[in-house]
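A, B, C and D label the chains in the order they appear, each numbered from 1.
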Amino acid sequence: MSARDESREFAEGVGGRLNAPKSERYRRSVLDVEGRANRYVARYMLGSDLAYVLTATELGLTPPDDGRVLLRCLLDLLGDLDQLLAGGTALDIGVQREVWVLERVPKAVAARLHIGRNRGESVRNYLPRMFFRDALWRQYEATRELVAVLVAKAEPVLETVIPVYHHLQHAGMTTLGESLLSWASNFYAYLERLREADRRIDIAPPVMTSRRESVAIGEAVQRRLGFSRSAPLRQQMHVTEDQFAEPFFALLMVAVGIARLAEDLRIYMTSEFAFFELADRNASGSSHLPQKKNPFGLQAIIGSAAVGVGRLAAQLTMNISPSEELESVFQAASLYEQADDIIANTWFMAEIIEGGRFDTAEMGRKSGLGFAGAPTALDMLMFDADVPMRVAHHELGNSVRRLIAGDDVPDLAATIGAQLGRPVAIDTADVLDVLRGDRVPDFALNLPAVHSTFARLKADLAALAPRPNPVTSVLDALTAEAEAVLGSKETA
Amino acid sequence: MSARDESREFAEGVGGRLNAPKSERYRRSVLDVEGRANRYVARYMLGSDLAYVLTATELGLTPPDDGRVLLRCLLDLLGDLDQLLAGGTALDIGVQREVWVLERVPKAVAARLHIGRNRGESVRNYLPRMFFRDALWRQYEATRELVAVLVAKAEPVLETVIPVYHHLQHAGMTTLGESLLSWASNFYAYLERLREADRRIDIAPPVMTSRRESVAIGEAVQRRLGFSRSAPLRQQMHVTEDQFAEPFFALLMVAVGIARLAEDLRIYMTSEFAFFELADRNASGSSHLPQKKNPFGLQAIIGSAAVGVGRLAAQLTMNISPSEELESVFQAASLYEQADDIIANTWFMAEIIEGGRFDTAEMGRKSGLGFAGAPTALDMLMFDADVPMRVAHHELGNSVRRLIAGDDVPDLAATIGAQLGRPVAIDTADVLDVLRGDRVPDFALNLPAVHSTFARLKADLAALAPRPNPVTSVLDALTAEAEAVLGSKETA
Amino acid sequence: MSARDESREFAEGVGGRLNAPKSERYRRSVLDVEGRANRYVARYMLGSDLAYVLTATELGLTPPDDGRVLLRCLLDLLGDLDQLLAGGTALDIGVQREVWVLERVPKAVAARLHIGRNRGESVRNYLPRMFFRDALWRQYEATRELVAVLVAKAEPVLETVIPVYHHLQHAGMTTLGESLLSWASNFYAYLERLREADRRIDIAPPVMTSRRESVAIGEAVQRRLGFSRSAPLRQQMHVTEDQFAEPFFALLMVAVGIARLAEDLRIYMTSEFAFFELADRNASGSSHLPQKKNPFGLQAIIGSAAVGVGRLAAQLTMNISPSEELESVFQAASLYEQADDIIANTWFMAEIIEGGRFDTAEMGRKSGLGFAGAPTALDMLMFDADVPMRVAHHELGNSVRRLIAGDDVPDLAATIGAQLGRPVAIDTADVLDVLRGDRVPDFALNLPAVHSTFARLKADLAALAPRPNPVTSVLDALTAEAEAVLGSKETA
Amino acid sequence: MSARDESREFAEGVGGRLNAPKSERYRRSVLDVEGRANRYVARYMLGSDLAYVLTATELGLTPPDDGRVLLRCLLDLLGDLDQLLAGGTALDIGVQREVWVLERVPKAVAARLHIGRNRGESVRNYLPRMFFRDALWRQYEATRELVAVLVAKAEPVLETVIPVYHHLQHAGMTTLGESLLSWASNFYAYLERLREADRRIDIAPPVMTSRRESVAIGEAVQRRLGFSRSAPLRQQMHVTEDQFAEPFFALLMVAVGIARLAEDLRIYMTSEFAFFELADRNASGSSHLPQKKNPFGLQAIIGSAAVGVGRLAAQLTMNISPSEELESVFQAASLYEQADDIIANTWFMAEIIEGGRFDTAEMGRKSGLGFAGAPTALDMLMFDADVPMRVAHHELGNSVRRLIAGDDVPDLAATIGAQLGRPVAIDTADVLDVLRGDRVPDFALNLPAVHSTFARLKADLAALAPRPNPVTSVLDALTAEAEAVLGSKETA
């Protein structure tokens, strides 16, 4: 048996409770699948190992020399991690890193790595919580950038008139600024959800026994890993699995939001609309059709949101199971992958908006299509001539139908007056001008709100306090602490 | 044409922009489906009508007499609503309630009902927001009750030893109190999410034009309908549809949580476990097998969560669409139905826990199965005899395997001592006693944390401030205001 | 206690294994939810009751007079069914119909209704199988109609040139006929899937014991209910639940297909494309914007598919459970509702296509946008001038970029010739004409295939054998058989 | 610029229609994501390249020497493929393999690789169809093996009595053979669905123009890639995307089925049931709890099915989009990954069943729990004593309740006789014996059907004709053909 196989069998416990190595089919179905997550969580596993070894050594539970050997080894592994992962891993991270350690330090020392905790504590709690705290922080930064780009893009076009659609039918007019700031406003509110999701998973797993040593380890590790609270009861670790579901939902809401924006842009990019053009660096050619400029990036964003939705459903489905099960962990890689994609897509969407070109001339030209001024004309009849809403609505609708058919439109003052039994002050020609979009009264737009929202968003963005990444800062501190422990000895 | 058909065609706008009544297939595919939601939102539609009519009358935009006729009609419709709905509705609520009004007041007055707003404002904003604000409030109450029941059930069994499972294998011991309080603790944290979801949808839709009249109407209606803010920009109404997704997610997290609890109870109810018995009023017989006492209620809770997960996925899928689309609204009935089911199931789960019987004797008897004391024995070797973790783990695992096979277990002091090359102070007999669960050291349990958590939860529950329902209180106030307007006139 | 409550408690078995009526919360969470399915399956339940009573009487297991009383009662209930359902049902169908029977016949006779079967046999097997066999048949008819409408609509426009898009960018030209027949061809293949799904659920549940009487009942009932096979082993009833999943998938594939078509039409209906107009009877106005003609029907079709996808996911999720569970049944109503909606939407889509107007002039005008002739020009360079594909592609792409920018396009013969180091026979002006869509060579279209496919589809449709509905024909036969039994007695 | 970057920019078409290389964010969001699929489809891409080059050379469209250079290169790439993929690919496969070719052959020759097709033809049609035809074949083989293992496992236990559960409550008795053969019977029927799914995707994409050359290429390539038909119309390639959805559904049905089996086994593995033990090579230890033997494999199977369900939902969601979109392709890697996992899990489940141990003694001991003989007793009352079903059911249920409570059970003959007003021949003691499971009449089991089903399944399995893999056999033939072309030249 090779040294590597021997390490692996030792780490997997062959000869303990079980007396046979895993079958190939087991490896394929269980370890290969779970091991896919290693690229996302190995760093956190080694980080928490640092926290445990520092703590156990400090408490005198691990001999100082053994502790130093383990710390040195863990720091080295962290340095080599990208390379180790590139070589492929096909073990769950708990066993995998034990194998890595066994290959570098004596077995008797390696045997002290795994003190005071169980697998569930790591793979079901510390690791996903650290992954998602990092991911939520990154998503926060990306979302903030997207909002900032939208606000900057809106600034020169706050009053530039463009069409607005309901059900993809012309429904009136807006400005490009109002449209972009609407996205910015709604996305800005997502920052709060991301912070709340982080706060809810900022809770360390409980200690598994009430032995003095375990409690002391648990408290110190919680602090070292940057968690502000811990669960007091042991079954809290199992009875719900919100740490997988809620942060992913918070990310997914952004994914759905930017996919919705991508759906709009995709239509705006048609030759028929011709409202938006991607920067060349964000577009694709066609391998076959020489003339194409393809919005593959928009499609990737849309598809990613769809896959994310399916993955959230799968996550919630797995959470409906007996409370001590672990399906979530075996399948975590695809969850982490989707989370990473969502963050990347948010940055990408910010770049798309920043680099893309809105053809405001074309948007302006088409803003009156489809008798887009009709709601404004309706307001005129209702508020200036006191025509009951449904009467005004009916007559204007009828006029539109006649205009489309090429029929004469009867004088509105006469028709409506007859209907109401009183004279009404309606200038039909002016109403039809408005109806056709040839005249756009000020009140049809919403300019004061657009300007004030722009100012408020800019101020809000500027006022956002910088937030340090709660995970990378902890990993940095752990590395520094370990180096200090090793250094103090070496200088001693 | 019948009067009803005539009202319907008028309300549907035949003769305006369109010149034909809907086809039967259209009615089946569009109106029947959308109309399924009426039972959930008709009350809010009429409530917002009250708000609009009160406001428009107050502002002088609707003549006082017309306003009073409309208010009287709306109050009557609210009184007759259950009966109207029982008769079936197959129109979207906007048209449906216009038909109801047309059947009761002169057309010229009815024509003033619909001032200053569009369909999207109602069906995509005010109505779902009111539905979900009410639903979140009801879910909050149900969740609080569930937590209270769990805490009460835990009180007499805080120290009652029961098994704990990982992956459905015996993994140590806990107490029934710790287990029940774990559920309570985790569910208690859900209250915060429900409140946050409400805060995020507590935002009224924007006003559609910046005409003075529209703005005045919009502000007064927002206040009358109990919303603390409104969206300043018009496209904010469309560019995201979080009002459908996030509150449902907040409800669904509870659904998934109680389904997980139901999964545990379903296993506990087997003859083989025999840990839990449903009260007869919460159980089912079998129509064929006379001896059965079936956990249909648990299955209903589990299945409802699964359907809810699929419905959330569908909702998010629909939100990935061009921003001005309305799929969410056409399909809203099934969303509202699932939301209602989740709330009902939470109340039901509270009743199940309250009325069910845990067989603590049986739980105690089985708590030592599967060598459940092994983790405790491991702690003893690690912390009392300084045996490196992986060595201790290996030897104990080996001992368990031998005990199961009926083989002799070698003396642990000797085996481990030889391995470590130093004498170790291990009382093998005592370790095996612990291993088998014959002796349970205090530290294997977590009693101090159990007691303190119990006390804290009780105090937290007692300190929860009562929260008025933000929707029913508004509807009551609107009714009272309308009655006052009508009364003042009548007395005048 | 009222007579109705007494019947209900008797039917629910109070006083048997259980000794308390259901609680209100139980009724709300379990029975209300399951009872929602009654409108879809009550007819099949009564139909299978007819089959059982006819069989048990024929075999001498139920006394003839009791049998006749039951048959009369069942026929009456079938006649009154719509009315009974309109009154609301809040019991599962097994108990509900027992209550209905108890209200009409003496208890001693009613007690013989439920011979030789269990609830699972009905609610998990016969009923969903009958529902879906009927639904698959109806979906088959609707799909066939949709294909026929598409083929008919294609006939006059087989050679009418329109744009084709990839990624919503112009990608060449097709004909409206080719496009419509593509839908028809792909949907035609769905008929096979529907038939296969029916064949796979055409299997009766197993008999629960091997008693002679049970076997005899089982065989006769299977035959009477129109099933061609039965499962020989009893656990086959439980270990998979494909009867819920696969037929719904077969329906859903049509739902997704027509939603995809609706997505296209929705874009075609914009003012910017202006390719398609709904018939007025299939369109909606706006309650607020007088000028709108809204594609609510398309949105309803799209949203229904999304909800159907979520419901399929929920179904499969529920099927991942211990094999004897019944979640599928408690939640069946929403599955049946979606199935019905899909069938209705298919009929509706057929009407939309039939009544809608394609603006072929506008489609033709826009068919050359976006340098849609580029792939044709590419073929010319590759096949007529032997230019290696990637070279030709590069140069044409470059030309398009220059044309858009307003730059000069260098002579292609010169540029490419220089690059290949040999003269190439390229008429640049002609290539650019083709590129711009000003000339459309025949081979750019696909007319022979369009014509032959049209002919084949027409022939295939005409050759489709009529298929009787396998469920309604069985119900009719059972009713007739029961009437005959009753009649023979009455005449005797 | 490095040679690799230059190749990449050339392959990506920089300088053609677009004039800038992709941005980093584009690469991350689009190419990294799409490139994840390369490990699943690169072999098919190169295989179809072989087919195209062989065809174009044969037709004289590519010069023979160029053709030979390309063939040699493609064969070499196929040989090096695992190594190329291990190095990582971050381009879509169309560009990636063009880069690979550009690195090995002169640009002028490489430029001829891509004749007569577009990207959609490959990535949306040939590649997924080849992937899934291979996957369906492999799933067929795995499913057949699983059925064979179940049948073999059943053989010695056809008559071994075990409990049967409904809703996890004892519901009677079955034999282990009947149970295992039920799984085998239902899974056997899945083979048909797999074959049908293959037949439905065995259709080559249409030719994109009706030029003689294109048609000739298309027909030869279709034949060379092993497809029996091709789509005549060009939009058939787009208007539905069943090639992604239906084969995955066919695989997923197996995934759900084996997950359901895993759910049963997971409960059977508890200490409380103690019905089933995994082979050590298929089980896991715990990294912390020394005594554990964990069913991680079962959990992996269950979780994989859940993720697969979510992925199917995502797929269908993506199919609801404008018909020319490509979301499916960008996200294909996760679909292919899940498909592969399902096949692996099916093989793994076969190993689990084969290596696992059913504790038939324990199953037998527990088969009478929960008054499992009650349905048998019911049959006796109904059929031997002509007691109306509901009366018999009620009295037996009442007896069970009394027995559980420790109360006396009244004589059934007396009670029922009084109720019916006639003497009934009931031996109460015998009925109670049966009720308690102390006596099990033959008819309570289903032995004749068990034996005949066993014989039939064995015969059916033996009669299954071997089916060659439709994809690997094609790839082998293409390689051989290319080698022959090259060899004929070399020997010449």
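Keep in mind that, in the parts below, a contact is a pair of C-beta atoms (placed from the backbone, for glycine too) under 8 Å apart; a residue touches a chain by one contact, two chains touch by 3 or more.
Note that the structure is predicted; figures quoted are calculated from it, not measured.
Colleague: What's the minimum number of touch steps needed to get from chain A to chain C?
Modeller: The least step count works out to 1.
Colleague: Of all the other chains, whose mean CA position lies farthest from chain D?
Modeller: With centres defined by C-alpha atoms, farthest from chain D sits B.
Colleague: Report which interface contains more C-beta contacts, comparing C-D against B-C.
Modeller: Counting C-beta pairs in contact for C-D and B-C gives the edge to C-D.
Colleague: Starting from the mean Cα coordinates of chain B and chain D, work out the distance between those two points in Å.
Modeller: One centre to the other, that is 34 Å.
Colleague: Report the inter-chain centroid distance for chain B and chain C in whole angstrom, where each centroid is the mean of the CA atoms.
Modeller: About 31 Å separates the centre of chain B from that of chain C.
Colleague: Just curious, how far off is chain D from chain C if you go by their C-alpha centres, in Å?
Modeller: That gives a centre separation of 23 Å.
Colleague: Which residue numbers or ranges of chain C touch two or more of the other chains?
Modeller: Correct list: 13, 16-19, 98, 114, 118, 120, 165-168, 171-172, 208, 267, 285-293, 296, 299, 302, 306, 309-310, 312-313, 317, 320-321, 325-326, 375, 393-397, 400.
Colleague: Applying the document's contact rule, which stretches of chain D touch chain A when the two form their complex?
Modeller: By the definition above, chain D touches chain A via 12-13, 16-23, 25-26, 28-30, 33-34, 94-95, 98, 114, 117-119, 208, 279-293, 296-297, 299-304, 306-315, 317-318, 321, 325-328, 330-331, 334, 337, 341, 344-345, 347-348, 351, 355.
Colleague: Give the list of chain A residues in touch with chain C in this complex.
Modeller: Within the complex, chain A touches chain C at residues 165-172, 266-267, 269-273, 285-296, 299, 310, 313, 317, 320, 366, 369-372, 374-375, 377-378, 392-397, 400, 435.
Colleague: Flag every residue of chain D that touches chain C in the complex, lowest number first.
Modeller: It comes out as residues 10, 13, 15-19, 61, 98, 108, 110-115, 118, 120, 164-168, 171-172, 174, 178-179, 181-183, 185-187, 189, 192-193, 196, 200, 206, 208-214, 231-236, 238-240, 242, 245-246, 249, 252-253, 256-257, 259-261, 263-264, 267, 302, 305-306, 309-310, 312-313, 316-317, 319-326, 375-376, 379, 382-383, 388-391, 393-398, 400-401, 420, 442-450, 452-453.
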